[in-house]
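Should a chain be cited, it is by its letter among A, B, C, D, E and F, assigned in written order, with residues numbered from 1 in that chain.
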Amino acid sequence: MTGRFEPLDSGAVPRYAGIPTFMRLPQAEPAEVDIALLGIAYDGGATNRVGTRHGPREIRNQSSLTRRVHHVTGLSPYDRARVADCGDVPVDPMDLMRTLDLISAHYAGVKTAGALPLTVGGDHLVSLPILRGLASDGPVGLIQFDAHSDTYDSFFGNSRYNHGTPFRRAIEEGLVDPKRFVQIGLRGAISDAGNYDFAKSAGVRIIFIEEFVERGVADVMAEARAIVGDLPTYLTFDIDCIDPSQASGTGTPEIGGFTTREAQQLVRKLEGLNLIGADLVEVAPPLDPSGLTALTGATILFELLCVLAGVVDAKGAE
Amino acid sequence: MTGRFEPLDSGAVPRYAGIPTFMRLPQAEPAEVDIALLGIAYDGGATNRVGTRHGPREIRNQSSLTRRVHHVTGLSPYDRARVADCGDVPVDPMDLMRTLDLISAHYAGVKTAGALPLTVGGDHLVSLPILRGLASDGPVGLIQFDAHSDTYDSFFGNSRYNHGTPFRRAIEEGLVDPKRFVQIGLRGAISDAGNYDFAKSAGVRIIFIEEFVERGVADVMAEARAIVGDLPTYLTFDIDCIDPSQASGTGTPEIGGFTTREAQQLVRKLEGLNLIGADLVEVAPPLDPSGLTALTGATILFELLCVLAGVVDAKGAE
Amino acid sequence: MTGRFEPLDSGAVPRYAGIPTFMRLPQAEPAEVDIALLGIAYDGGATNRVGTRHGPREIRNQSSLTRRVHHVTGLSPYDRARVADCGDVPVDPMDLMRTLDLISAHYAGVKTAGALPLTVGGDHLVSLPILRGLASDGPVGLIQFDAHSDTYDSFFGNSRYNHGTPFRRAIEEGLVDPKRFVQIGLRGAISDAGNYDFAKSAGVRIIFIEEFVERGVADVMAEARAIVGDLPTYLTFDIDCIDPSQASGTGTPEIGGFTTREAQQLVRKLEGLNLIGADLVEVAPPLDPSGLTALTGATILFELLCVLAGVVDAKGAE
Amino acid sequence: MTGRFEPLDSGAVPRYAGIPTFMRLPQAEPAEVDIALLGIAYDGGATNRVGTRHGPREIRNQSSLTRRVHHVTGLSPYDRARVADCGDVPVDPMDLMRTLDLISAHYAGVKTAGALPLTVGGDHLVSLPILRGLASDGPVGLIQFDAHSDTYDSFFGNSRYNHGTPFRRAIEEGLVDPKRFVQIGLRGAISDAGNYDFAKSAGVRIIFIEEFVERGVADVMAEARAIVGDLPTYLTFDIDCIDPSQASGTGTPEIGGFTTREAQQLVRKLEGLNLIGADLVEVAPPLDPSGLTALTGATILFELLCVLAGVVDAKGAE
Amino acid sequence: MTGRFEPLDSGAVPRYAGIPTFMRLPQAEPAEVDIALLGIAYDGGATNRVGTRHGPREIRNQSSLTRRVHHVTGLSPYDRARVADCGDVPVDPMDLMRTLDLISAHYAGVKTAGALPLTVGGDHLVSLPILRGLASDGPVGLIQFDAHSDTYDSFFGNSRYNHGTPFRRAIEEGLVDPKRFVQIGLRGAISDAGNYDFAKSAGVRIIFIEEFVERGVADVMAEARAIVGDLPTYLTFDIDCIDPSQASGTGTPEIGGFTTREAQQLVRKLEGLNLIGADLVEVAPPLDPSGLTALTGATILFELLCVLAGVVDAKGAE
Amino acid sequence: MTGRFEPLDSGAVPRYAGIPTFMRLPQAEPAEVDIALLGIAYDGGATNRVGTRHGPREIRNQSSLTRRVHHVTGLSPYDRARVADCGDVPVDPMDLMRTLDLISAHYAGVKTAGALPLTVGGDHLVSLPILRGLASDGPVGLIQFDAHSDTYDSFFGNSRYNHGTPFRRAIEEGLVDPKRFVQIGLRGAISDAGNYDFAKSAGVRIIFIEEFVERGVADVMAEARAIVGDLPTYLTFDIDCIDPSQASGTGTPEIGGFTTREAQQLVRKLEGLNLIGADLVEVAPPLDPSGLTALTGATILFELLCVLAGVVDAKGAE
C-alpha cells in the first residue's frame, strides 16, 4: 500500500494544537484513499430538536484525543488502509430535496473512486441519500444500532423525507433488502401501537433493548451477522442507541440504552462483514455542554474505522 | 370511559412548540380525570442544596419528548385512563407548616374527586402531606425507591419537618404501616451508625444497593410485592435512587445507584399492585445544566403513569 | 373595557410555579383580546446556527419574572388592554413554503379578529408572513432594530426565503413602503461591499451603530418617528441588535451592539406611533446556557407590550 | 496597629491553591480584627429563585483572584486595618425566625468586639438582622444600591420577613432613619403602582436608574452623601443593582443596570462616610454557570473593604 | 486515640456553609494526625488538556456532601484514626523539576511525622514525587486503577517527567517493585503497538477492562492482593479509570470504564492491605460543568479514607 | 497582487460546515502571503488559571461567523492583502525555555518570508518570543491594550518568564523601546504599590482605565499614535482589556474594562501606523461556556486584520 496517511504525531504536536481534522489526519480526495472520512453538516431532516449540523465539526475537534492503535487487536487502521479527512459533503441548508440529490451524487462519486465512506452526520435522514449513492447495484444489507426504528411513513401530514423515515424510504426504493436488515437497541415510548408494523411486515428483524439485555452482545451479534450474511452490507450507528448518560447531546435521547462498553463490543463484532460503508449520526453539540457526546462519538468512529480498515486489509490480501 | 384526554399530536404540532403541560396533555380538574398529574413547586424542606421548586416546570418541559404508547406492552395510558395536567398545588414558599396544610388539603380533595394523584416534586418532604391527604382511611403500604432512608428524627436541633424526615413522621402519624413499607436502593455514607435504627426497629424492610446488585430486579421486587400485598399502597420515587450519571441534578446525589434500565424494570414490576398514587421527587433543574435529569424524570413519570393507568383499567374492568 | 386578563398574582402563586404562559397570563383566542401574544416556534429560515424554534417556550418561562406595572409610567398594560397568551402559530417544520402560508393565514385571522399581534419568534423570516397577514390594505411603515439588514436577495444559490431576506421580499411584495422603513443598529462585517445597495436604492434609511453612538437615542428616534409618520407601522425587534453581553444566545451575534438601557429607551420612544403589531425574534435558547438572552427578550417583550397597550388605550379614548 | 493580617502571597502560593477564605486571608475572631469578613449562607428569605446560600463559599473562591493594593489610591486595606475571615454566621436553614435571631445576636457580638462587619449574603433579608445587631444605639443612615426597593409589606398573604421587605421592617423597627435613607439604581416593572408609596411617604429618597443615567455618578453620590451626613450609616449592596451582563447569577435580575465601571465609582464615592458596616448580597452561584457574578461580587467586596479600611484608618488617626 | 478530629456537624452547620476543607474536617499538621489529607494543586505534568490544578479546591467543595459513617461497615474513619486537612503541598507552577523536589521533600516529612498521606491531585505525575518521599526504605508495591498505563518513556522529544511517564520513572528509580505492581482498568486506543512493552517486560501485571469485565471485581482483586502481598503498598486512583458518564471532567477521558459501583467495590477490596498511602488524581474542574466528576472523586476519596483508617486501626490494635 | 486568498463563500458552504481555519481561509505558508494568521497553542506562561492553549482552535471555530468586508470602510482585507491560515507555531508543552526558542525562530522565519504575522495565543508570554523574532533590527514601538502591565520581574521566587513579565524582559532585551511603548486600559488591584515602578521609570506611558474613561477613545489614541510615531511598531491585544461581560473566558478577568464598542474604536484608530505585526492573546475556552469570549476575540481579530491589510495596501501603493 502506497501513500499511507498518518495522524499528526501527538508526541510532536500537542493534541489541542493545529487545525482539527478527523483523527488529525491529512485532508485528501476520495480517489486517494481506501476509507474516506466525510462530514455531512445537515440537520434539515430533524423533526424535533436540532443541532446535528454542528456534529462533524465538533467530532473533528474531539477526535483529536483519539490515538492510532486499537488496544485489543494491537492493530492500527492507518497501517491497514489509506484513510483521510475528505471534508464535508455539499448541502443546501434551505432545500431538503436538493440536499438529498447533492449527497447521493457525492456518494456515487466516492463509490466510483473506490473508497469506503465513513460518514459523520448530521441527522439520520442523511443515511438515505448515502444509500442511494452506494446501492446502485441492488439492495444491500443493513445493520442499524438505534433507539428508534426510523421507519415512519410521514410527519406533519406531508413530510416523507425526515429523520424518522429514511429506512422506510430505503426499503421502498429498493436500496435495502428488508430480509437482510436488522435493528438493534430500539426502545422508548412510541407514538402509535402500529409504529413497527411496516418494518415487521417487510421482514426487518427488530431486537429491542429488553431482548438485548436478556441475550447479551455475543448472541445478538451472531444473529445479526447471520441475517446480513456475506453480501454487501451498510452499517448505521445512531448515537442515541447509547444511553444518555454518555450521549445526552442528541435530539431524541431515550434512557435505558447501550452502555459504551456494550456499544464497543457490538461494533467489534462487525469484524469480517462485507461492509460497504458506515455512518455515525445524530450528535448535536449545542445540546452537549460537557462535550461528552462528541467524545463518545469520536471514539465509536475510531472503532468503526478499525472495522472498515479490516475490510480493506482483507480485500488487499485477496 | 368518556372524556378521554390525549397529548398534543406531535405529527401536527412539533414537540418543542406550545405551552408545556405534563406530557402535552390538556389541563383539567381532578374531578374530570382518573389520574391527576400534579406539580408541587416547593423545596422548603431541603436541608442542603435547593432548586427542586423548579422541578415541575422543567419536567413539564422535558416531558414534551415523551410519546404515547409503551413499547413493551403496546398499551397507551391515555387509552386506559383519563389523564390530564391538573396544575400545581398551592404552596406558601415562606411558611413550611402552612404549606404542609395546603398540600394535604389539596390531596384530600383529589381523593374525594376520585382521581389517583401522580405528583412531581419538589423535595421529598412533600410526600408527607400527600400521605396525610390520601391515608385518611388508615395506614397504607409504601414502596420507596431512594438513595436515602429519609427517616431521620430532626435536623438543626429543632426541624422535624424536612426532606430527611417525612417517613418517620408518616409512621408516627399512622399514615404508613411500617410492616408494609419497603425501601430499595439505599446507599452512601451516613451521619451516624444508628441512622437506620428507627426504620429497622419499626419493621421497615431496607434493601441496600449492595443487596439489590446481588439479587437483581426480579427477586427484589417479588419480595417488595409480598411485603405490601394487595392492600392500598403508595409509591414514592426519589430521583436520587438513580445513579448520578443519569440524574446528577438533585440535591444529594450518591454515586453507585440504579441504572435507568434497572429503574425502568423496577417500576414495571409494580404492575398490578393496589396503588393509590405515586410521586417523583427531588429533580433540581438549576443543578442540571444538560437537562438530562429532568429528561430521566419525565421518562420515569411516563412509566409510573402506565402503571397507574393499569390500576384504573383493572378497576374499570371489575 | 370588559374581560380584562391579569397575570397570575405572584403574591399568591410563586413565580416559578404553574404552567408557563407569556407573562403568566391566561390563554385565550385572538377575538377575545386587544393584544394577542403569539409564539412562532420555527427556525427553518436560519442559514447558520439554529435553535430559535425553542424561543417561544423559553421566553414564556423567563417572562414569569416580569411584573405588571411599568416603573417609569406607573401604568400597567393589563389595565389598558385585554392581553392574553394566544398560543403558538401553526407551522410545518419540514416545509418552509407551507409554513409561510400557515403563518400568513393565521395573522390575517388575528387582524380580522381585531387584535394587535405581539409575536415571539422564531427566526427573522417569520416577519415576512406576519406582514403578509397584516398588510393586506397596502404597504405599511417599518421600524427595525437589528444588527443586520436582512435585505439579501438569496443564499445558497436558490434560497429566496430565509432569515437574511425577509425585508427585501416585503418591499418587493408591496407589504412595506421602503420610504417609510428605517433600520437602526446595523453593524458587523458584511459579505460584500454591495450588501446595502438594494435597501439604500429603495429608499430605506439605515442608521448604523456608529451613527447611533454619535447621535444618541433621542435624536435617532426623532428621525425614525418622522420617517414612519402617523400611518400604520410595524415594529420588528431582532434580539441581536442588543450587545452579545446581554444576548449571546442568538444565531449571528455581533459585538458592539445596543446596551439594554439603550434598547429600553429606544422602545419607549415608540410611544404614540400608529403600530399595527410587533415582533421579537432570534432568541436561541440552546445557545444561551445562562438564560440571560431569554430574560432580556422577556423584558423587552414587556416594554413592547406597554407600547402596544398605549395604542389600544388611545384608540379606546377616541 | 498590631496583629496585621495579610492575604496569602500569590508569588509564593498560586492563587488556585489552598483552602479558600475571603481574599485568602487568615481566619480569626471578630475581637482580633478591625474589619470582620463574614458569610451568611442563608436564602430562606427568597420568594422566587433560590441559591444565594452558596454565595459566601463561591465568593470566597473567586476572591482568590483579588490582589492587595487598590490601583487608584495606591493603598492596601491590609495596611490600614486588621482584616480576617471570621467565618459564616450561624443560621438554621429550616427556621427563618430563629435564623433572624441567630444573626442579630451574632452581629451584636461583632459590634461589641469592636469590629466593622463586611458581610457576604445570602439573600437581602439578612440585612435586617444585621441592622438589628448594629443599630442598638438608635436609627442609622442607609445607602442601598439595588434594582429593587425591598420595602414591600408582605408576600403570600402572611410573610412579613423575606427579601422583599427588610427595609420596611427596619424603618418600622426604628433601625433606620428614613430621612437618612437613599436607594440608588431602582428599576424594572413593579407589581403595583403603589409599590414605592411606603418608602416615599416615609421620606426615603429613591433615585431610579433613569435619573442616575441623566445625572451621573458624581452628582448622585454628592446628594447621597448629603442625605446620610456624618452620622453612623450602613451600606447595603445588592448585586442585582449591576447589569445582568455582569451579574446574571441572581434571583431577580433586571436588565438596564449599573455597569461595573459605574458600580466601582459609586462605591469609591463612599470614602470618608461614617460607615458602621456593609454587606454584599444576592449572589446565587447555581444561576451563574460562568462564575462571572461571583467574580464581580468579589471585586466589589474588595472595593467595599478599601472604603471600610479608610474608616478604620481615619479613626486610628483621631 | 487522643485528639480525634471530626467533620463539622451538618445537623448544626449546613453542608453548604463554612470554609470548605476536605470532608469539612479541621486543619492540622501531619504530626497531629494518623491520616493526612493533602492537596497538590499542580498540573504541569499534563501533556494535553489541563485544569487539574483546580482539583483539590473543587473536591474540597464537593466533599462537603460526604457524611461520616460508611453504610456497609457501619464504621466511621474518624472513630478509627485522627484525620485532618493538612492543606496544599508547596509547588512552583512555573518549574516542574523544582516542584518534584518540593513535593518529595514534603512527603518525606509526612512520612517522618508518622502520618499516612491521602492525596488529591493534580495530574498523575504527582504520584512520582510522592513515591520518592515515601519509598525511601526500598521499593514498594503499587496498585493502579487507571485507563492508561502511564509508563511511557517521554513526550515531545525530551519530556521525561509528565503525566504519561511517572510509573516508568518509579520503576527505574527503584521506588516501585514491578513484580508487585498491578494496573487495572486500562483501555483505549494507544499511540503505538509497543506502548505496554516496557511494563510487561518489567513484570507489571496489566488487567485490561475487557479482562476485568470477563472476570469481575472479586476475582480480579483477589489476584491483585496476591500480587502485592503483605508488604508495603501504595495505591493510586486515576479518576479516568471511571467511565466518563460519571467522570468526564478529566484531561484524557476514555469511554467504557468502571461504573462507580465497580469502582467502589474495587476500593473496598483493598481492606486489610499494608497501605502506606493513596492518591486520587486527574479531576479537572474546568472540564466538569455539572460538578459530577468532583462529586465522584470526593466519594471515592471517602472510600479510600475508610480503607486507610482500617490500616491505622489495625496498627493501633497490634 | 497575485495569489489572493478568499474565505470559503458562505453563500455556497454554510458557516458551520467544513474544517475550521481562521476566517475560513485556505492554509498556506508564510512565504505565500502578505499577512500570516498564526496560532500559538501554549499556556505554559500562565501563573494562575490556564486554558489558553485551546485559544487558537476555538477562535478558528468562532471566526467562521466573520464576514469579509468591513462595514465602516467598505473594504475587504482579502482584497488588499494575501491572507491565509499558516497553522500553529511549534511548541513544547513541557519545556518553557525550549518553547520560547521554537517560537522566536518561527517568527524570524515569518519575517524573512516577508509576511506580517497576526497571532492568536496562548498566554501573554508568547509576545516575548514573537518580539525576539521580529525585532532583530533594533527596538520597536509597542501599543498594548490590556488590564495588566505584565512588567513584573518574577513570580514564585525564580520564574522570570511567565505571562506577567514579557514586557519587562522585552525592554531589558532591547526588543522594545520603552519611550515608544504605551499601555492602555490597565486597572484592578495590584500586588504591591510599586508594581508599576519599573515601567514608569523606564518611560512607558500607562493610561489607566479611569483616565481613558475621562478622555475618550479619540484623545487617548491621538496620544498613543504620537508616542509610537512612524517607526516600526508592534500591537498586542490582551482579551482581558475588554470587560468580562464580553470576555469572561480568560485567566485573570478584571471588571470595569473596555466595552467592545470602545475596543473596536481603539483598534480602528491604529489605521496608518507602521505596524510589523499584532497578536490577540489570553482567550481561554474552558472558562468560556457560552463561547462569547472566543466570538469577541474572533471579531477583534478581524478588526486587527483590516488594519494590517491597510499596512500592506499602503506599502503596495508606494
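Following the convention adopted for this analysis, a contact is a pair of C-beta atoms (placed from the backbone, for glycine too) under 8 Å apart; a residue touches a chain by one contact, two chains touch by 3 or more.
All values reported here derive from a predicted model rather than from experimental measurement.
Listed by label, the chains that touch chain C and also chain F are A, D.
By the document's definition of touch, common neighbours of chain A and chain D comprise B, C, E, F. Averaged C-alpha coordinates give centres for chain A and chain B that are 38 Å from one another. Shared interface positions of chain D, i.e. residues touching 2 or more other chains, are given as 14, 16, 47, 49, 53-54, 93, 155-157, 243, 245-246, 287, 289-290.
If you draw each protein chain as a dot and join the dots that touch, the picture is not a line, a loop, a star, or fully joined; it has some other shape.
The complete set of chain-chain contacts reads A-B, A-C, A-E, A-F, B-C, B-D, B-E, C-D, C-F, D-E, D-F, E-F. Contact residues of chain A toward chain B in the complex are 47-49, 155-157, 186-193, 195, 208-210, 213, 243-246, 248-249, 252-256, 287-290. Those residues of chain A whose C-beta lies close enough to touch chain E in the complex are 10-12, 14-16, 65-72, 74-76, 243, 245-246, 259-261, 264, 289-292, 295-296, 299, 302.
Contact residues on chain B toward chain C in their complex (touch as defined above): 13-14, 16-21, 27, 39, 41, 53-54, 56-57, 60-61, 85, 87-88, 90-91, 93, 289. Only residues 43, 46-47, 49-51, 53-54, 92-96, 98, 155-159, 161-162, 286-287, 289 of chain F touch chain E when the two sit together in their complex.
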